[in-house]
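Two complexes follow with chain A in common, the first pairing it with chain B and the second with chain C.
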Partner chain A sequence: MTLLAQYFVTGIVTGCFLILATIGFSLTRRVEGFLNIAHAELLGVSAFVTWGLNVKAAWPFLPSAIFAIIFTAVVGLVVGRLFYDPIRKLGPAVLLISSVGVAYVIGGSVDALVGTGIRTLNIPLATTYRFFGVRITDYQMIVVALAALTGLSLAVFMSKTKIGLAIGAMADNPELAASRGIDILQTSRATWLLSSGLAGLAGVVLALIATLSTDLAFHQILQILAVAILAGLGSLYSVMLAGLIVGIAMDMSVFWIPAGYRPLIAFAVVILVLLVRPEGLSGRKSK
Partner chain B sequence: MKNVKKRSMLLNAALMSTALASGTLSASAQEVTVGVLVPLTGELGEFGKIVANAIQLGVAEINAAGGTSCGDIRTVIADTGGSPETGIREASKMIESEGAVAVLGPTSGVMVALVDLAKRSKTVIMSPYAGTITLNELGGDYVYRTVSSDLGDGAASGLWLKDQGYESVAFLVQNEESTISPAQVARTTLEDAGIELTDFVVYNPGQPSYQAELISVLSHEPDAIYLAGGQESGVTVIKEATAGGFEGEWLFTADLAVPEIFDAAGADLLNGRAYVEFADADNSLDEYKAFEALHIEKAGGEPGPFAANSFDMINLIALSLEASGQCSGEGINSVIRNVADGEFAVSTFADGKAAVAAGEDINYEGASGPLVFDESGTVAGAYTIQAAEGGEWVNTKFYPASSFE
Partner chain C sequence: MNIEQLLLAVLTYGCLYSVMTVNLNLQYARGGMINFGTVAYFAAGAYAYAIFTQEPPSGLDQYAFGFNSPWWVGFIAAGVAAFLFAIVTGWPTLRLRGEYLALTTFAFAEVLHSIFLNERRIGNGSVGLSNVNRPDFSWIGMSDNYGFAGAAILLLMFTAFLCHRILASPYGRAIDAVRDDETAAEAVGKDIKRLRFEIFVISAVPVGFAGALYAMITTLVSPGLFTAEVTFFVWIALILGGEHTIKGAIFGTLALILFEEVVRSFNFETVRSAEIAASVEHIMTGIIFIMILRWQPFDRFTKKEAVQ
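The block that comes next holds the complex of A and B.
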């Protein structure tokens, strides 16, 4: 029973990482209307900036992380203006395919700057705590806390601030939003900054728990897609629920079936849910 | 997402063109062509350069000894970048346009892709580092390697785990053919020895965390964990297992046999409790020492990984040309097994050439080992176990090829 509880707790942590990795991706998808495959590479940008400052420049972890998040947000904004704005009118399919190209450009640049091999941050080994026999490390608790905090603050931001409300309105109906006097361009820029900043946060978490290689970030894209599709086009709560479902299902499955099938479980869950709810958890139809 | 590094590509293009030019210019009236097909760019580029240089070193020695009866050896070099498609294209060019009698140096994937071409065009292909078990089925006729199969690593790992006297061992194995097959061999050794196998977990690399995979492993508190994985997954697993309370010992496979592991995982997690297993040349052999001295003198430096195996390839080809009296791949293929395993031991081309002229049935004893091809054209290998001590890998045990008979 303790073993099963251990899988459950590990699943929550996996789910929380997926929430952090997907929340910005999902935001772009709602507001800009396409699946930005390059989002995963932004995690890599942030992870390696954190590593560069922490290890190469010997900065403490926290300032390295904060700088990495801001830097990634700006990179995301520039990428949005440079690559996506000019082709926005060509529709989501063209944007999606272009984003694969953008992923290669970002990935290639990181590769060229960082080089091959593995990298780890200059931080202490995780400390393990036990609650009723179930293990959890301090870094795992940070992941859970960050996911919860991000979800909460994003909810407040989207419902209480002017720019948050504008983003929500544009996600629901861009034409209507424009006719009501919302500055589409400014809102779009704000979305890019926000979603890329969230990718930056996920990248920091990646650097915190994982061993970095230049292709690690892109490896996360399939699970990000799984969570985003499961969530559907709805609110950020559906992303949080979807992340937890996929994370817990993947990790608990290891109790019964070989671990090599974890990615398969992620997509099996997505397919099963979509059979019952074709619009995803949020139930909202695409425009 | 593997990216080609432009700068090293340019550099290699320059290196290659000089190599090609020197190869072509040194051609005398009568000559025999050997293709050198290696990755000069991409992930395995560093290995490809070592192999190409060791072959050139062998060619220089052979030609200095008067060349073969088919004339001096001329090499043509091409870069595969590790890609089987490029490999097939370049090998076809070497065989059809350049008349190569043998193609040396392809990596595992390229070797497998070339099997059909080799048999169809009756051209010998040989690799100094392709460990893939696919060649255990496909190799043997026109397809050879001067390195042991990946399965040999499993046998060596199994032997070490047994010799250490562990009572329980858990296996964590990356989801790839090259790691799963040796792990299964090691597992059989353990089961035969009555050692408890607590877990056999096959995991996918590229994950931020491997906590889910470790839960069952840690709950069984094994004496040792056999970890067959890449550096990225390996380091995360080492850290997470240690943080999770694992206090036993480790046995890693070759990918982790690099100094970077101590920086990445933390030397204090490894010192005194981690070991690594990898295929290695038998440095105690006189043939190896002679090669090492030659390499230091002519190439300026210690031989790199697979240099001895590469040097042996070109010597085997040259001696087979000599022994068969035919200047063709078919001729090489018909005698190469005998040349590697005859009666009269020789360790240099010059000695072998003289012995063949005297009518001897030669046995080439290579720099990398005794070189006896089994049915699949594979040689038995030797293996080294290193221990983590004071933040570096230190030799602790050597298993010569004879340990596995």
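The block that comes next holds the complex of A and C.
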């Protein structure tokens, strides 16, 4: 029983990481209207910038993480302006296929600069705490706290600030938003900055809890897709719920089936959701 | 690597991958289906070939089946395996459209990859099956390299001919009609679901054959050979060659393979420089991909031809 509880807790941590990784992806999907495969590569960019500053340049962890997040946000904005904006009129399928090309460019650049091998950050070792026989490390608690904090502040941002409301309006109906006097271009840029910044944050978290290798980023996209599809085109809250469901399902599955099949659970979720309920948890149909 | 070997490798692998590109062309450019799981049918073919032709397991082998059949039985089995997998995956997914179809096919391919990786009884897990049997070409006085290059060319010609016949027939025009306007096609009495399903399944079979040929050439099948990279490669080749034509699909693949083989044929002093070259190859491929999708030079070219 304790073991099952342990898997459940680990699942929550995985789910919280997935929430952080997917919020940005989901935002791009709603506002720009396509699945950005290259989103996961931005996690890699952020993780390796953090690593480069923290280990190679011997910066303390916090400033390197903040720099990495800002850097990733800018990279995301530049990529969006340079690669996606000119082809937006060609439709979501072409944008999706293009984003594979973008993922190649970003992934290849990270590979060329960093090289293969396994790396870790220069941070203190994790301290493990025990609650009723269930272990959790301080870094895992940070992940959960960050996910909660991000979700909360994003919810406030989207419902209270002018830019947040504009992004929401554009996600719902771009034409209507434009006719009501919202600056589409500016809102789109704000979205790219925001979603890439969130990818940056997720990348930092990834660097905290995982050992880094250059193919790490690509493996995240599969789980991100699973969460995003399960959430559907809905609000922030459906992403958070979907992230927790996928995370807990993946980690608890290890209790019954071999651990090698853990990533498979994410795909089983994708296939099942698309076949049974293509509109996802939120129930909103795509336009 | 000398020029002869380089050209032979380009021809062999180019034709092999072209089989996939041509079929993707049939599915995407004509059928309007985005299949992001092409590699799964390729892998199904390769594994089926290996399982049918290998000897029964002995010693440290973990795989459960080996039928020790002659190569042509394995070859047919490869086509059948791809066919069956296409039925299993196509049946539930084809009512989905666009990016959603792309995602489910992608997910199915990853599922198959994961099963090959984890289920050791199929093909030794991550180790894979090595020393796969291959047909002998000595009886017609050909070296293996030339023999397989010839086989790849034959398979490509067969596939291209099949695609050409399908698309030039009234059946092909029905497929075009479904892609252009489903409602209109349905209104004149075309069974859309059935047409899409048939195209999906038919086009998977040559990919399975290509998988068998690939297993013969490399004499190795392992999960590491059949990753999403293969799917992306075929997509990039298809876009590179300009969609909509069989010729374009083939030239695109040959050009991309040539590019890769030339990069690989350089001698690198250190491991690090080889790594950088591989990454730069990735970046270049990505940039070419993005540029072609953005400016669509081939579309404009074909349109110009149509006007004249």
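Heads up, the rule we're going with is that the second predicted complex is superposed on the first by the 279 of 287 C-alpha atoms of A that agree within 3 Å, B and C clash if a C-alpha of one lies under 4 Å from a C-alpha of the other, contacts with A are read in each partner's own complex, and residues count from 1 in each chain.
Assume a residue touches a chain if its C-beta (ideal position, glycine included) is under 8 Å from a C-beta of that chain, and two chains touch if they have at least 3 such contacts.
Model, not experiment: these values are computed from the prediction.
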item: Chain A as common anchor, with chain B and chain C clashing or fitting; value: clash
item: Touched partner set for A:F8, first chain B, second chain C, both or neither; value: neither
item: Partner chain in contact with A:V254 - chain B first, chain C second, else both or neither; value: first
item: Contacts of A:F157 with chain B and chain C, given as first, second, both or neither; value: neither
item: Touched partner set for A:P263, first chain B, second chain C, both or neither; value: both
item: Partner chain(s) touched by A:T116 [first = chain B, second = chain C, both, neither]; value: both
item: First (chain B), second (chain C), both or neither touched by A:F61; value: neither
item: First, second, both or neither for A:G108, with chain B first and chain C second; value: both
item: Which of chain B and chain C A:V94 touches, first, second, both or neither; value: second
item: Partner chain in contact with A:S213 - chain B first, chain C second, else both or neither; value: first
item: Superposition clash, chain C versus chain B, among 171-179, 261-269 or 297-305; value: 261-269
item: On chain A, the residue positions that both chain B and chain C contact, one per complex; value: 104, 107-108, 111-112, 116, 258, 260, 263
item: Touching residues (chain side chain A, partner chain B) in the complex; value: 3, 6-7, 10-11, 13-14, 17, 104, 107-108, 111-112, 116-120, 125-128, 135, 137, 140, 205-206, 209-216, 218-220, 250-251, 254, 258-260, 262-263
item: List of chain A residues in touch with chain C within their complex; value: 34-35, 83, 86-87, 90, 92-94, 96-98, 100-105, 107-109, 111-112, 115-116, 222, 225, 229, 258, 260-261, 263-264, 267-268, 270-271, 274-275, 278
item: Residue ranges of chain B touching chain A (in the complex, touch as defined); value: 1-3, 5, 43, 175, 201-204, 206-209, 211-213, 215-216, 218-219, 231-236, 239-240, 242-245, 260, 263-266, 269
item: Chain C to chain A touching residues, read off their complex; value: 34, 92-93, 96, 98-100, 102-104, 106-108, 110-111, 114-115, 117-118, 232, 235-236, 239, 272, 275-276, 278-283, 285-290, 293-294
